[in-house]
Structures are given as C-alpha cells and as structure tokens.
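Next, two complexes with subunit A in common: one pairs it with subunit B, the other with subunit C.
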Partner chain A sequence: MRGFMRGARVLGVGWILQLKILAVSAFDGILNIIYPLFFATTALLMFRQSGDPQALVYAGLGAAVMGTWSAMATSASGALQGQRWQGTLELLVTAPTRVALAVLPITAALATVALYSLVATLIWGRVLFGIEVHIASPLAFAVALLVTLASLATFGFLLSVTVVRYRTGWALGNLLEYPGWLLCGFLVPLDLFPEWVRVIARALPPTWGMDAIRAAAAGLDPWFDIAVCAGLGVGYAALGAFLSERLIDSARRHATLALT
Partner chain B sequence: MSILEAHDLRRTFTTTTGVLRRNRKQVEAVRGVSFAIEPGELFGLLGPNGAGKTTTIKMLITLLLPTAGSANILGLDVVRDAREVRRHIGYVFGGDRGLYERLSAQDNLRYFAELYAVPARDQRARIGELLELVGLTGREKERVEGFSRGMRQRLHIARGLLHDPALLFLDEPSIGIDPVGARELRATIAGLRSAGKTILLTTHYMFEADELCDRIAVLSQGELVAEGTPAQLKARVTAGSVVEVETFSGVGPADVRGKVDAVGALPGVRSVVVDDRPDGETVVVQVEPGVDVTAAVLGTLSGIRVGRVVTREPTLEDAYVQLVSS
Partner chain C sequence: MLTVGGVISFRGLFNWLNPYVYVPTMLVAPIFQILLFVYIGRSAGVGTDAFYLVGNAVQYASIPCLFAMANTIAGERWTQTLGIVLSTPANRVALFVGRSLPVIANGWFVAMFSLFVGGWVLGVDLPVSAWPGIALTIAIASASCTGLGLLQAALALRVRSTAVLSNIVFGVLLVFTGTNVALDSLPEWMATAGRLMPLTHAIEACREVVAGASLSAVAPLLLREGLIGAVFAVLGLAALRWVEAESRRHATLELQ
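Our next item is the complex of A and B:
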C-alpha cells in the first residue's frame, strides 16, 4: 500500500510539473494552437467538397482525435529525446524510482495538452465550417474521450521508452504520425482497407477510441469499444513498463545513455 | 568498511566507422582500475580528457555496466543491486545541463525529491535547508533558465544532496564557472566535507584538488597511475625543480614542439610539456635534484625567441603533468 501511494505521488507530482514545463513556453503554446487546426482545416476543406453534412460530422470528430494522435506520436518520443539533450534523462535513470514512473507523467502531460487540441478542433469545426456535432450520450462521449487520451498516453509511453535505449528512437514517432491517421480510422473508414491493415489498426487503442467517440455521439452503445481501448491502453502501459527496465539494462550495456 | 570499493574495473566501447561496410573497433576506456574510499573522505579522481574518469564514475553510479571487474558501494554491488545503490548515492555533474530550465529551483528540487523517495512530510524542510546550504534562499521561485552557471551548479549540488546520500559524486562541478563562483562552490564542497560527507570529486583544476582532497588517484589512458595524499603526490616531484621558459616561436607552436624531444633527452630532465599562451608558449621542464639544466635548455631552444626564464619548486600540477605524460 505504501509503495502504491508513493508511486501515485511520483506520477501525480511528475504530471503537474511536466504540465508546468509544457505550459510556460509561449512558443510551444502557439504551435500547439496552430498545428492541429491546420491539419483539421485541410481535412475539413476536402470533406466539404462531398456536400454531405454527415461526412463533415464524421470528419469533424475524426480531425479532433487526429490532432491528439499527432501530438502524442511525435511529441512523446521527442520529449524523452529532449530530456536526453538537457541532461535530465540520466538523472531519471539513476534515481531509485522505476524509470516507468518518471516517464509516464511526461506522456500523461502531453496527453493533457492534446485534450486542448481536441476541444479546439471541435470548436474550430463549429465556428468555421458550421459542423454541429450532436452528442446523444454526453457522459459516454466524455468517458470515451478521456479513455482515448489515457490510452494514447500509454501508447506514447511505449514509444518514448525506446528513446532511452536508442538515440534515434524519437524518429519512430515521426514515422507513425501520418500512417496513424489512416490506421486509426480518423478520416477514412477502416472497411475501405485490406484485412491485414485492419488487423494492425485493431491493435492501436485510438482506433477503438475513435469508434467509441463516434458511437457515443450517435447514441449507439460505445462501452465495448471503450473497454477494448482501455484494455489496450493498460496493455501498452504494462509492455512499456516491462520493456523500460530491460531497455535500461541494454542502454547500460551498450552505453547509449549520455557519456559526457 | 570502505564506502566504495572498485576492483579491476574495465570498460570497453565498440565504435563503428563506415556506412555500407561497417568496421567495428574496440576502445578500452578503463583498464583495470582499483581503489577504495573511506567514510568521510574527499577522494579526488584526476586525469586528462579521455583518461576514463567519467566512464569510471558512470560505472559506479550504475549508468554503465563494467565489461569486467566489480565495484560495490556500502557492500552493494553496482551491477546486481543497482536500484539499492541508487538510494545511497548522489550524482552531480558540471555544466549547464541536468536541470529543468522552465521550472523554478524549488520545483526542480521538489521533482527530484519525489524521484529520490524523500518522504513527503520532510520535503519542504529538506529543500529549505539545502537552498540555504547552497546560498539560493530567496531565489527558489525563479526559473532556472535565468540562473547563472554558478547558481545552476549550486542547485545541482542541492539536488544531489536531497536524499542525504552516503556518497556524493561530483563530476567536474566547477567547469566553466567564473573564479568567484568557483570559490563559492569550493567553500560549499569544503563545508560538506567538514560535515562528514563522503565525496568523490573529479576536476581538472589542480589547486582545487590540492585544497579539497584528502586523497587523490590519477588516471591516464584508462589506468590508475598514482594514488596518495596531495602531499605524497607532490613529494614524487619535490625532490627536484621546475624550469619554465617563455617562448615566442613566431612561426607557430610547432617550432617549439619540434624541440621538445631534444629538451627531454637532456641529462637530468624528467619530462617536458609545452603550454600555449595567447602570445606564445611556456616550456615546462621538470628536472632531477641537484642538476641545473637552464643553459642546456636555452641552448637547445636556440633560434626561438625566449622571454622570461624561471626556476621554481614543483606543485601538485607538476606532479600531475609528470604522471600523465610519462
């Protein structure tokens, strides 16, 4: 129980302070405002050509979650690389706390910032494109959003622990950004893809999260999708925690942590 | 019982060259280093760049696995019991890195207090004590990005002491700090030593090692070439003298360096080193007792414009230079 409380404190304090780090930079703040809106605008301009209001609602919701994926995929691995550059990564590793408890708050803070991108994109779609998203089950919709963000945080955590071992592991996040837009069904229904692509897509938590968000908005039952999304999120967290210790041992053996 | 014992520590790195055809090369950074540190001791680890100091420290603080040999801290093995070792050590390195720039000094300490398992009820008092110790009281709410290098270094020390470690590693803490800041830092380190803290210090500054360290080990090319008190190390060269010759070679330092071997071959000369100055060079010649080589050295340097010539007693720096250049 004492260990659990201590772990919870490390996660909580880490999350608050990492959020503080992200919040104080005006430059980062402006990028966080512009970046998701730019891609959402591009997507919505394309979907508007169809003249189908339902397609625009579909894209409006998808574009909102798309921004969170981009924020997590690229930023999570980049965040650990930033820690490497500023010399704090080795201090996290030499602390007696498990490195997973130090890294998870970083990606959780990024997911919190991503929540902004989601809300801002929905408002942007409403104001600029007149997309009215009627949410039939507000509670289920809110739960689906939060579970999707939490699972994105754990997915980002898994990506970011690779940076501890591999100096150029941050590139993995960049690599996944655009394929993720398609694989998670943000803008294009997964039914249009071959079966093998759908298998990969189903292994990604946001795919289920996206389905849950759409189902909750449409008044359908989202709970199975929410449960699978949460389960995958927990699975990625467990895998990240398991790998983090092994990757650190490997980093100690291969000297990929800072040596200066 | 010693706080730290290192036995025949070795570390080899594999480097690769080429893109398509990769050639692997093994580099032995540390080659069989053994030493021990007693409780309350301030132990200095000296050596030129690339001597293996930082690699040795990284193995001791559990960031690197040794290729061979072993080390233990308070009887805990640095490989097998890494997590437990981390509870008992503090690690501070020099330079601008290692702090969260966008957080205040207090938030930095608060974060690391959590990571280093300082009990929540003790954190506030402990952080206050340490800010006082390193002279940052009143500045704790300011963001670190506005701190001078000296202030950052003192904050680093406070961070390293948060969990009251049994052994503190200070890896070149005074690097790049102005003389006043460095003096304050030395006073802080001396204060820690007086308070009974066991410290392993690496530094390039001989006067710093001479002033602070109880014992010193000198590393050169990955091997420990000498160990003893500063007085014992100085004694290795005090039975002799040092001749310093200022030169202005005009066509470049290569001219003077071309004559180093000839000066080194003179009877009674132990070692020769050329130090660069903005307007020329200083040739530092270590000489056997009872031998006057001044005329012979000047004769060997004929053709090069010579300035001041000084004969003086050897210092710890001379001992160090002789050890790492022999």
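Our next item is the complex of A and C:
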C-alpha cells in the first residue's frame, strides 16, 4: 500500500511539473491546441458542402477528438529526445523510482493538453459553424472522454519509450499524425477501409474511445467500447513499462542513452 | 554566393536531409495527407479523388518551402553562426535568394513525388501528356511559396519558435488556398484572402492541367501565381534587410 501511494505521488507530482512545462511551451502546448483547428476547419468546411446537418455534427465531434491524437503522436514521440536535448534524460532514468513512473507523467500532461484541444475545437465548431453537439448521457460522455485520454497517455508512453534510441523519433511522430487521424474513426467511418486496415484501427485505443464518445453523445450504450478502450490502455501501459525497463537498461548498459 | 553558397547552406542547415527524417516527413507524410482528405471527401460525399490528390500534393510543397526558409535564420541561430553570416559583407539578395534555390527544387520534388505516388495508390489517372504542364505548375508553386518563406525568414529574426510559425502558416494555406474546398465554396472573405496567397492559383491551374487543359489555357493563373510569389519575395527581402538592421541596433539577433 505504501509503495502504491508513493508511486501515485510520483505520478501526481510529475504530472503537475510536466503540465507547467507544457503550459509555457509554444510547440507542445500552444501549437497542439491551434494546429488541429486548421484541419478541423478544413474538414468541417468539407462536410458543410454535403448539406447534411447530421454529417456536420458527426464531423464536429470527430474533429474535436482528432486533436487529442495529434497532441500525443507528435509530442510523445519526441518526448525523451526533448529530455535528451535539455540534458535531463539521465536524471530522469536514474531517479530512485521506476522509469515508467518518471516518463508516464510526461504523456499524461500531453493528454491533458489534448483535453484543451478538444474543448477548443468544440467551441470553434459551435461558434464558427453553429454545430450543437447534444450529449444525451453526460456522465457516460465524461467517462468515455477521460478513458480515451488516459489510454492515449499510455499509448504515448509506449511510443516514447519505444523510440528512446531513435534519434529522430519526432519525425516518426510527425508521420503517425495523419494515419491516426485517418484510422481512428474521427472523420472517416471504418467501413470505408479494407478489413486489414480495420484490424489495425481496432488495435488503437482512440478508435474505441471515439466510438464510446459518439455512443454516449447519442444516448446509446458506450460501456463496451469504454471497457475495450481502457483494456487497451492498460495493455499499452504494461507493455510500455516492460519495454521502458528493457530498452533503457540496454541503453545504459551500452552507454547509448545520450546518443552522442 | 548564389549557387555554391545556397547549396552549402542547404546541406548544412537542414537536418531532414538525413533519410530517417526525409523519408517519413517529406515522402510518406504527404501521401497520408492526401489519403486523409480523399477519405474525408468520400465520407462527406463531396469532391473527387483527383481533386484532393492534386490539392494536397501541391499544397504539401509548402512544408519544405516554409520550414527550410525559416531555418535559414533559425538553423544559423541554433548553430551559433547567425552573427557570423550577417557580419559578412555578402550581398543579402544573393545570400538569401541563393538559399532559396535548393529549397524550390526540394519543394518541387516533394510535390511531384506526392502527386505521382498518391495517384498510383489511389488509382487516379494522370495522363502522361499532362506531366510537363504539372511539372511547370508545381515549379512555379514551389517558387511562389518560397517567396512567402523569405518573408517568414525575416520574421524568424524576431520569432524564437519558427517551427510553430511555419506550422501555423502551413495551416492557413491548407484552409485558404482551395486545397480541399474550392474557392467557390468558401465564404467570400476567405476566397478573397486565398486569392492573395501563394499556391491558390497553382492548385487551380494544376487541376485544370490534369483535367486536360493546355499550358496556354492556364497561363493567366500561372502568371498570377508567379506574381504573388514575386511580391512576397520582394517583401521578404525588404523585411530581412529592415529586421536585420533593427536586430543589430537592439542587439536581439540571438534572441537570448
């Protein structure tokens, strides 16, 4: 129990610290809120051409959640490289706690910024396009949203530790942005893709999170989607924790952590 | 200064020449941007695959053009050579125009590659006879966008986060230039603003060329595109001269 409390405290303090750092970062903080708005605007302009008000509501909700992926894929991939540039990566991995507990707050803070992006895009859609997203089950909607963000944080954690020895991890993150937008069902129904693409999409937590958010907004049952999203999030967290020990131990053993 | 200096600075400043960066960001990402908007178009039931293919392939030229020109300043600052470069008696027009030439070539290559591979992936028929016209149109688009990049380079003398600036300008071009929504379908003020931006006329011209129009038919559009690029380039060079002088006067060159 004491160990659990200590771990929770490390996560909490780390999350607040990382959130403060992100709040003054033009790239990871401000741009992650503004940048998805351009894509959301374009998508909403496209859907508006269809003349179907329901399609616009579908797009409004999808475009809002789309930014959460953006914040995670791009920034999480470069998170540890950012620590390396600042000269704090060594301090992070030698902290007297598990590496996972030191790194997860970074991606949890990114997920929190993603929440800002989501709210900003919903307001943007309401003000500029007159999109009113009616939420039939507010509680289920809030749970779906939080589970989606939490699972995104663990997915980002896995991503960040996987590319710890990849000097240009940020480029990989840039590359992942569009496929994520495409595959997670934010604006394009999965039915439009071939079966093998749908299998990949179903392995990504936001796909289930998006389904749950739509179901909660429409008053349908979102709990199965929420459960799968949470399960994937836990799975990615466990895999990330395992890999973080292995990869970072290996980097320390071979003296390649600094990549200099 | 114009040619050798330009090539050396391009090789020295742009870390994306590393294949681990160039391939994902310059060759693969535009294909996914094209696919994203093609599928959004299919989902919304508007536009054709060819419409989104051409729009996004040409618009993606702005990534290398904008980021590279901002890096003309930011990269030098990062390597602590900005002061050295700007203390040389080199002709500034030759210095910055020289740096823009490889950028134009790279922007052209990225857009051509995106159009070719995107067309192949989507099965969009791009007639062989159209490719010379497409190549010329995209060359003018890249040059025009690099003109805007020169203006951005001037801003980079004052703005620390050039990556943020470039991303925002890219986003503005995505929304306003008719990349995914034809100007006729945009609100009037947006269409008017779009017509004053680089890429707008080139995208329209490229769509017409792909549809079978001759170069002479799209010449007015290409002339307008070139003119807009030239205006931005002149503004950029003038702004660079002015901001450089101000930076020296206020000791803000390094932004520290």
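Just so we're on the same page, the second predicted complex is superposed on the first by the 247 of 260 C-alpha atoms of A that agree within 3 Å, B and C clash if a C-alpha of one lies under 4 Å from a C-alpha of the other, contacts with A are read in each partner's own complex, and residues count from 1 in each chain.
Here, a residue touches a chain if its C-beta (ideal position, glycine included) is under 8 Å from a C-beta of that chain, and two chains touch if they have at least 3 such contacts.
The structure displayed is predicted, hence computed values, not measured ones.
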item: Fit or clash - subunit C, subunit B, common subunit A; value: fit
item: Partner chain(s) touched by A:24 [first = subunit B, second = subunit C, both, neither]; value: first
item: Which of subunit B and subunit C A:97 touches, first, second, both or neither; value: first
item: Which of subunit B and subunit C A:255 touches, first, second, both or neither; value: first
item: First, second, both or neither for A:237, with subunit B first and subunit C second; value: neither
item: Angle at the Cα centre of subunit A, taken between the Cα centres of subunit B and subunit C once the superposition is applied, in steps of 10 degrees; value: 80
item: Touched partner set for A:43, first subunit B, second subunit C, both or neither; value: second
item: Distance in angstrom between the closest Cα atoms of subunit C and subunit B, superposition on A; value: 10
item: In the complex, subunit A residues that touch subunit B; value: 6, 9-10, 13-14, 17, 20-21, 24-25, 85-88, 90-97, 102, 249, 252-253, 255, 257, 259-260
item: Contact set on subunit A toward subunit C in their complex; value: 26-27, 30-31, 34-35, 37-39, 41-43, 45-47, 49-50, 55, 59, 166-168, 171-172, 174-175, 177-179, 181-182, 187-189, 192-193
item: Sites on subunit C touched by subunit A in the complex; value: 16, 18, 20-21, 24-25, 28-29, 32-33, 35-37, 39-47, 160-161, 163-164, 167-168, 170-172, 174-175, 179-181, 185-186
item: Contact set on subunit B toward subunit A in their complex; value: 13, 54-55, 58, 61-65, 83-84, 86-87, 89, 91, 93, 95, 97-103, 107, 110-112, 114-117, 120, 143, 159
